[in-house]
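This report concerns only the one structure given below.
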Amino acid sequence: MNDAIIKQHVYEANMQLPKNNLVKLTWGNVSVIDRDKGIICIKPSGVPYSKMRPEDMVITDLDGKPFDNQLKPSSDLATHVYLYQQMDNVQSIVHTHSLHAVAYAQAGRDIPAYGTTHADTFYGPVPCTRSLTEAEVATDYELNTGKVIVETFEQRQIDPVAIPAVIVNQHGPFIFGTSLKKAVEHTIILEEVAEMAMKSELLKQDMNTIDGFLLDKHYFRKHGATAYYGQ
Amino acid sequence: MNDAIIKQHVYEANMQLPKNNLVKLTWGNVSVIDRDKGIICIKPSGVPYSKMRPEDMVITDLDGKPFDNQLKPSSDLATHVYLYQQMDNVQSIVHTHSLHAVAYAQAGRDIPAYGTTHADTFYGPVPCTRSLTEAEVATDYELNTGKVIVETFEQRQIDPVAIPAVIVNQHGPFIFGTSLKKAVEHTIILEEVAEMAMKSELLKQDMNTIDGFLLDKHYFRKHGATAYYGQ
Amino acid sequence: MNDAIIKQHVYEANMQLPKNNLVKLTWGNVSVIDRDKGIICIKPSGVPYSKMRPEDMVITDLDGKPFDNQLKPSSDLATHVYLYQQMDNVQSIVHTHSLHAVAYAQAGRDIPAYGTTHADTFYGPVPCTRSLTEAEVATDYELNTGKVIVETFEQRQIDPVAIPAVIVNQHGPFIFGTSLKKAVEHTIILEEVAEMAMKSELLKQDMNTIDGFLLDKHYFRKHGATAYYGQ
Amino acid sequence: MNDAIIKQHVYEANMQLPKNNLVKLTWGNVSVIDRDKGIICIKPSGVPYSKMRPEDMVITDLDGKPFDNQLKPSSDLATHVYLYQQMDNVQSIVHTHSLHAVAYAQAGRDIPAYGTTHADTFYGPVPCTRSLTEAEVATDYELNTGKVIVETFEQRQIDPVAIPAVIVNQHGPFIFGTSLKKAVEHTIILEEVAEMAMKSELLKQDMNTIDGFLLDKHYFRKHGATAYYGQ
């Protein structure tokens, strides 16, 4: 995959965010890693989607150092880089401020697994991180955002492929995938299940989460060796 | 109706789901039965709507066995087949994960009949099934989904033509019709009345359901021998 | 205004309903009266908006008797006719099942006047009628719907030009105007203020209604001899 | 900047309001001030967006007196003029009746700063003014709307560049910017954070506002000498 092709793919993935009403203005970013070639490609910082071109995507090395003569990368780059370093099986990362996922972030809550729509993609509740401390915000904020995400997955013993999203407390979601296509699909689904969960709670107090065996059934209908969904 | 024509009709019916914002990505499926010709036609499994073509629709016999050289049918086929076998007067079935219908499913609640919009199409509350047991999920899950739907209509003595939809607990809606066109219309209306019902409950605690005589009036204004709505 | 022109205008007004997401499928209807020519023109019954043509509009006399060789008029015609007979200053009527207005109907509640958006168009709360009795539903239902609307305006001493809409209990809104254009505008605004009112109540329990002097100010900024809004 | 150019820019900014679903019909208005040339340019009163042309924009002097042979300016002009006179660093003002911002206005509440989406643009809660008194509404209503806005910013010691929006009690939002572009962007963001805040409260009672150090971090990531977001 040469640079023009990877930039084209990352551009197209980023353009899915406004198309699916998951971001406003210049918000959000999608990146991909090519571990063999040793590069990361990410959206530039603060460029409106309507004016963004494929060649504006920014390529960096695996430490997040951009190659010369490019736009400035997304200000969230350091978060992406740390996550790629710590999560071997994640090949693409999305960050949005989609409405209902942010509402859960602002409430500091996990998105509970209430039904099969959730279970088809997320093998359990989408975790919400703890808040960052004042020290973590003051220095290396974006790096520390990555660290609190990794801490959350490690402490809860969650595989980011099995539950490919996280809610950063007071902030918003980061979404993972084994490919650009998967990461963007998970981003669309995350916002949908967040709205479904909120509205379920409006319909019933003290909601029950999905039966464990039904969560298993739907997740493994679509994932792993026993999957039988799709062509 | 030859195969190309039935596939075209089922394709067009399926395409109404994303057009009316009732599904995301590859979710949902519409099928039709031709009892005289002994065939069922259904959407293929896991194909994005944007890439789906009429010829991708899958035709099976009345036991759900696909004829040769076709794509894999929807993973929910076994549910459709069982419902067609048990419900003689149903000729088309739709399954979606539309947002407000799913919220009722996740809350494990019937959609109450609160007003005439509901009564024009559904002659009473849209029932929510019991949850499936662990054994029912473990083996023949899709078949058992059909069975719990039929059980619900039988135990409550509901005619699936009079109330042409059901909410599967923790999952989402299945919708019925005496034709593809009717089934898709009922799908659009189900999501609308689900949102109306949820928002009515936000406006008033301890909602009353619609007066029985008004339910009768609106339902029979549009259905049966005394109907006088339409041309 | 000859028949082709009035039909064209009524057609265009009806087409604003799906365009503004105020109806689904074949729902809703708009009519206009020409008291000098002695005619009423209304949408036909049960025709999908996508297939409706200007010549499909139905012209009747002032008693609601359609002239020959036309489609069947809206099943709500008798409601419109009675309202035109009783409300001299109403020249156009709209009926929809718009989502938030229906939610208020199902909750059996007036739409309170909470702010200036409401006051710019509605000079006080939009009233909700009492429910119809079983006898009123059994015989001459559509006529009795008109009667309960007129009863509501008379008992509360409301002028349907000053508050050009009403919520029929368990059903939905009817909207008035001194012209087709005004009636459709009021229909758009009614749905917007209904959603605003519902969401205001989510933000604050025991909402206060708008100060009377601010209601006056905004209503008379746009209406009557002292109006100074617009060109 | 000659008159045709400023009118074109103000026209384009106004057209962003319906495009972003922030206004209905003829609602809302955007203005800009050119302090050097001594002119203000604002939307005309009561003209539908679909029929509005760039040359319909109205240019006035710094006291809000329109030059000859133009349409009538927005009825909210006096509010804009007073705000420009009192707020030296504001160069553009927007007024809308966007849904969730109005819900906060009708509830008489500030929009709390619950997360980083808010903090990226608004350096603290978006203030809600007190209600106007009967005397303030009776005489010079639009001027007094400007005065209660300025009073709010002064009493709370808020800089309208740091928190570029205000909610007028029982009415709706006014939004500020150092340019037309910024003012419109802030208008889009205000409605989004209002909806996020409302929905966060549905997910959690007794919401906490964002940590002060995180508010600082996100605001100053995008604003001031230490900003590092964007190109």
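Which chain is which? They are A, B, C and D, in the order written, and residues in each are numbered from 1.
Rule of thumb we're sticking to: a contact is a pair of C-beta atoms (placed from the backbone, for glycine too) under 8 Å apart; a residue touches a chain by one contact, two chains touch by 3 or more.
These are the chains along with the protein names UniProt gives them: A, B, C, D = L-ribulose-5-phosphate 4-epimerase.
This one's a predicted model, so the numbers in the text were calculated from it and none came from an experiment.
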Fewest hops from chain A to chain C - one hop per pair of touching chains: 2
Same vs different contact residues, chain A with chain B, by half of numbers used: different
Intercentroid distance (Cα basis), chain D paired with chain C, Å: 33
Chain B and chain D: spacing of chain centres that average the CA atoms, whole Å: 46
Where chain D touches two or more other chains, by residue: 202
Residue numbers on chain D that touch chain A, as the complex places them: 114-117, 185, 188-189, 192, 195-197, 199-200, 202-204, 207-208, 210-211, 213-214, 217, 221, 228-231
Residue ranges of chain C touching chain B (in the complex, touch as defined): 24-27, 44-47, 71-72, 75, 97, 99-100, 102-109, 131-132, 134, 137-138, 141, 170-172, 198, 201-202
